[in-house]
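Dropping a structure here in C-alpha cells format, bear with me for questions.
In this document, chain identifiers A, B, C and D correspond to the written order of the chains, with residue numbering beginning at 1 in each.
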C-alpha cells in the first residue's frame, strides 16, 4: 500500500534506506510560485543532522540536499519537487551481526514477519534517516505557510523528568532560548540539568526519552473537517508516524480527563479578524476538529532510544533465545533531533489543511473563479 | 473534501445530522461472505444508546438500525453496505436559541467560520449522534475480525481521578466487570466511587471527563506499515477523530518519556505461531508501526462534556459578548457511551490494516492466485 | 476496495441493488451554500426513469428522491448529502431462474468468480439502476457548475448507424431538439429513422447500441493536471465506468489517427477572458490534460443491450452448457436513458476538477486567505 | 493535487522535466520478494529511447536507469523503489524562443493559465520524457505480472491509414513481427508502406498519428470492481493519461454502436481454471467492469505530433497573434515509441487490480491468515 505518502493535496512520498544510495522525497501538489532554494531546505536539515553534540550519534553525515525537479527560476512550478540526500558514511559492517537476531524495541521482528526478509543494515527503511525526507518536505511546507503568516515552532519540552523553563511564552524568545540549548530545551538551568541527566544515563549504558511541544501560530480559523479529517486527528497521525512517538495530546490533553467542564471550557471573549479571542486555550486551538484561529498546541511523548549498549535478552530469526549487546553509533536520546521532525510533520499537516479548506464554501469559490 | 470517510480498503462514509432525517453509514470494501444481520449491529448500537442511566442524556432514542443494501441471504455481498438509523425525538426548539451565539467548547464558532453558516440544531454534523454510523460500521468490522479470531475490547479506565480496578487482566472477566457497571468501569468499588463523583458533579451543574482503554487481542503480526501508515498512527487518527478526545497513547505512552531504554524495551522470549512472545509489552503490541502479535493497547483522554448548565461567558455571531446558560438534555459525562465508539474506531482500523497487509509479499500473492 | 466512490474533493459514493430496499448516494465534499431541493434533483432523475416510451423497459418506477442530510434552510451545509430512491416494483421472481446460469454479455459470471456468489436479482449491483445514484449526484454537481456559468449537455449522437442531424450547433437549440425526440436524438428525420430501426430490431427480438456526445461549455481554462490526473483521463474513466460503454473519444478522437499534424493542430487566434480563441477545436477543449476554455467535447460508444429475447448459448454455474431465452422487462436500447448518466458523470468530473484546481498557485491562495 | 501518482495499492509517483536534472519514479506498494535488476528495467526503457530510427527525434539520450532504493540482495523489499534517469543532452537554447508564444497542439497555453508561468524548456513537465518514469515503473509491474503468468503486449496497430497485418494472432509471433519492424508494426508489407507514408509526411514538414493495440493475456477472472473502479475504466484512464491519446476502446469498441446484441454478445462455451471460455471476445475480456479470464484487448488513438516544421498561426503570451515555425528535434510520429508506454500503463493498472482484488472474499482472507 502507498504507505510512504502523506497528505491529500500537498502530498509527499519519501523513499530510501539508511544504508542505500540515499534518502529522498517527492512533493506533489505544491502550489506554483513559491520561492524555494536548496539553502532554505538545508537550514532545516541541519537541525536534524547527527554528530553536532555528544548527545547524538557520532556518525558524521553532511546530509546535503539537492533539488532535482519542480523549481524553475527560483520558484516552484506546481509540478513534483524531488529532493535527495545521498548517504555518505555507511558502515554496513556494523550491522552484519544484527541480521541474525531481533533487536528489542526495534522493527526487526515485525519487518521480517511482514515482508519475509529485511534490509537489516541500520534499520533499513525503519531508520531514523527516513525522516530526512520529511524534514526536507517540511521545509517547503514552511515556505508555503510563511507566505500566509503562519509559523510552526517545536522545542524539547522535557527530557526524562526535567522540564523546560522558558523565560517567556513569546514565540521568538522561545526559539532563541531553544537554539541556545544543545538539547533544544529552553531555559538554561533546565538544559544544564538535562545534560547532567543524559551524561549519567550514558554512563549507565542506557538511554532517555522525553516530550516535544509544538506551537502553530497565525493559523486562520476554519482549517480541518468536522468528522474523520479533524485537524487534530490528522496532526495526531502525522506525529504518531514519527518512529519513537508513543503518545500525542492537544491543548490540555490527558489532564482534561480529571478536569470539570467549567474549568476546561474556554470562554469566548470576542472576535478579531475572523479568529476567536478566548479567555483560555485548553482546546489547543481546535474546536470540533476545526481550527479556531488561536495557537494550536500539541505535545508528543518520545520513547527512550531502543539501541542501548547493555546486554539484552532477545531471539534469533529461528526463535531461539540469545543474549546480545548492541554496538554501533546511536543517539542516547533522540528528542533533540526529533524536534525539527515534529515541526515538519505539523507543517505538512497544516499546509495540506489550508489547501483542502479552499473548497468549503460556494461564495469563496465563486469569488475565486469570478 | 471527503472528510466523512475513513479507511483505505475497508472504507466507511458516514452522513447525517443530529436533527435531520437520520444518521447513516456506507461501508465500501467489506469482503463478501460474512454473516451479517441487523440484530448483530443493533447489539453494538444499544451500547451507545442514550437514556439508559442517570449519567447519560434523558433524551430517549431507540436507534433501530436498518441494513439497506449489501447483504443477500444473510451474507455480505462485497458491495456497499448501507445502514441507517432514523432520528425520532427531535426537539429542535431546544436549539433555536443557540443559533445566535457560540457555545464554549463546541464547534459552533469554527463551523460558522468554515462554512459561512451552520445547521445549529443539536450540533448538526458535530453532534455525538454522528458516531451512530461509526458504531454500526464498527459492528461489521468486528464481524470480520471475529472470523479471524481477533477481539477488540474497550472499557472506562477512569472517570475524573477515579481509576478502574479490574479483578483480573483476563479479557472475558474484564468484559463481565465492565458490563456490570453502569459506567462500564470495571471494579465495583471504583464504579461506585465514580458514580458518587458524578452525582456530585451534576449537583454542581458541571461535567466530568475520563479515560478509555482499548485492548486488541489475537491480531496477527505484520499489520501496519513502516512509515506514514504506521498502525499506531492510524489508530491515533481513528481515536482522535472522536469528538471529545484530547490525547491518545499506545502501550507505555506518556510514561515512556521518563523511563530509560533498559526499562522500556521489551525483551523477546520466543515465537509462537509467528507472534512475538515478549517479557513485557511497553510497546503496546506495535514495533516500528507494525503489529508484533501481542495485545495492542491504547488509551484515550476524553474531555468533560462542554454542555454544562452553569452560566458561561461567550459571544454572539456578531462578536458581541453574552452570558449564557445552556438548556436541553446533555450527558454529564460522555465516557461510558464513548466506550463502544472507541472500540468501533479501533476495529475499523484493524480491519482495514488486515486487508491492506495482504499485498505485502509476492510469495503470499502467488499462493493466493496459485 | 472503495470501488463505489468517485472524485477526489467532490466525492460521491453510491450504494444499492436493483432489487434491494433502494438506491442511494452520498456526496461528501460539496461546498456549503448552494441552493438545493428535491425538485431540482428529481428533474434529472426523471430523464433516466424507465417506462416513458416503448423503447425503454415497461417496468414502471417513480424513482422519487429524498434528500436525507446535508441541506438546511434550502442550502447545502458542506456536510455529506445523502439521497435515496426506494425501489418499488420488484418482481424478483423474474430472476429466480437466472441464478443458475450466466447471461451472455452480463456480469453474472465475473461477479460469481470475484465474490463467490451474487445477488442475482435484476443484476444486483451491476444493474443499470445503480446509475440513479450517479444522476442524483450529477444533479448536485450541475447546481454547483451553474453557479459558475458552466453547462453540461449530452444527447444521442447515433443509434445503430443513424446519426443525429441537429439543425444548429447552438447548445440551447440542441437541447430543444433533443428533448423533442423520444430517443433524445436531435433532428426529426434522424429521430424518426432511428425509431423505425428500433421497431425492426425489437421485432427481431434483438437490441441496438449507439453513440452519446457530451459538450461542456463555459469551463474556465486551467482545469485538470498535466500527468495522471489529466482532465480527459478523468472524463474517460468517468464515462467508461458507465455499464455499457466500450469506447470514449475526445475532440477529433479516433479520426486523429489518420490526420496529419497540420490538419489536427488548432491554431490560436487570440485570448478572451483567459480562454483560448482557436480556429478549430480538434483538441476537444483540452490541451496537455488541462482545459483551454473552449468547449470540451467527448463521445461514448454504447453497446447493444445484452438482454435479448433470442435463444442464446451459455453455461450454468457448474460450467455445463445450456441454451437460454431471457425473460423479463428490458430496454431494447439503453442509449436514450444513458444520456443523462453521461451528463452526470461529466458534471461530477468537472466539479471535482474545479475544486482541485483552486490550490494550483500561491498568488491565488494568498488572495484567498488575504 | 497529487496528480503525479497512479494506482491505489501498487502506486507510482513520477517527477522530473525534460530539461531539468532528470526524470524519476517512486513505486510505493510493490510487494516484497520480486527479483529486480537495473538490466530488467533498462530493457523496457530502451524500447522508448529516442534516436533509434529516422522516424524518431535525432536527440540522443542513453536514458540509463539507476535503482536508488527498495531492492536488497536482488529482491524488492516491499519499501519504495526509487528509480532515476539523468538528463544528458539538453539544448535549452532551442527553446528560449518558445517561451514567448504558445505552440498549437501543446500544453503551453494551458500550463501558463493554470500555474501562472511555466518551465518552457522542452515542454517541461508535459514533455514526452515524463513517460520514462512510467516505463521504468511498468517494467517492475511486468516483473510482478510475470510471477503470475500474465503478459502485456502492445504494438503499432496503424500509422495513418496503414494497418498492421500480423501473420498470426499468436502473441509470441506477434511480438517477433513487431520487433522486426522499425515502427513496431507487425507485417512486413504494412510496415514498409507505413515507412513510405512517413517519409512522405516528413517531406511535407508534417507529422502523423496512428493506433496502438494492447493485449493482456493470462489475467485471472475477477479483477476490477463493478461500479467506478471498473477494470476497463481504470485502463481507459491509464491510457488516456498518455500525452497524445485522443480515444480508447475495449474489445469491439466503437464498432459495437452499430452492432446488434445478438452479434455483440459473447456466448459462453465452458469454464477452464475459473476462466470463461467464450465463442467470441467482443467484450475484450471484461464483463461488468470485471475481467473474465480471456484476453483483455484495448486500442488507443494517438494524435499526430503537434510539433511540425510548417508555419503555424498562434499567439504570444499577451494574446497578440504571431506566425511561427517550430525548430528543434521532434518525432514525426510518436506511435512507435509510445507502444511501450501503453504497455507500461496497462501493466500498472493490472498489477494494481490484482492486489486490490485480494480482499474481495472472506473465505480467501481466512485462508490467507489461516
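Everything below uses one rule, namely that contacts are C-beta pairs under 8 Å (C-beta built on N, C-alpha and C of every residue); 3 or more make two chains touch, one makes a residue touch a chain.
Everything numeric here is computed off the predicted structure, so don't read it as measured data.
In terms of C-beta pairs in contact, C-D outnumbers the other of C-D and A-C. Chain A and chain C have CA centres that are 45 Å apart. In whole angstrom, the spacing between the mean C-alpha positions of chain A and chain D is 38. Put simply, the C-alpha centre of chain C and that of chain D have 26 angstrom between them.
Shown for chain C are the residues in touch with two or more other chains, namely 1-5, 8-9, 14, 29, 32-33, 78-79, 114-116, 125, 226, 356, 359-361, 363. The touch graph of these protein chains is complete, with an edge between every pair of chains. On the chain B side of its complex with chain D, the touching residues are 8-10, 29, 31-34, 76, 78-79, 144, 147-148, 220, 226, 354-356, 358-366, 368-369.
Across the complex, chain A is touched by residues 1-5, 7-9, 11, 13-17, 20-22, 24, 26, 28-29, 32-33, 66, 68-70, 72-73, 75, 77-82, 84, 114-119, 124-125 of chain D.
Interface of chain A with chain B (complex): residues 1-6, 8, 14, 102, 104-107, 109-111, 113-116, 125-126, 130, 158, 160-161, 201, 204, 206-211, 221-222, 224-230, 232-234, 236-238, 240-241, 243, 245-271, 274, 276, 279, 283-284, 286-293, 301-308, 310, 312-315, 319, 321, 356-357, 359-361, 363.
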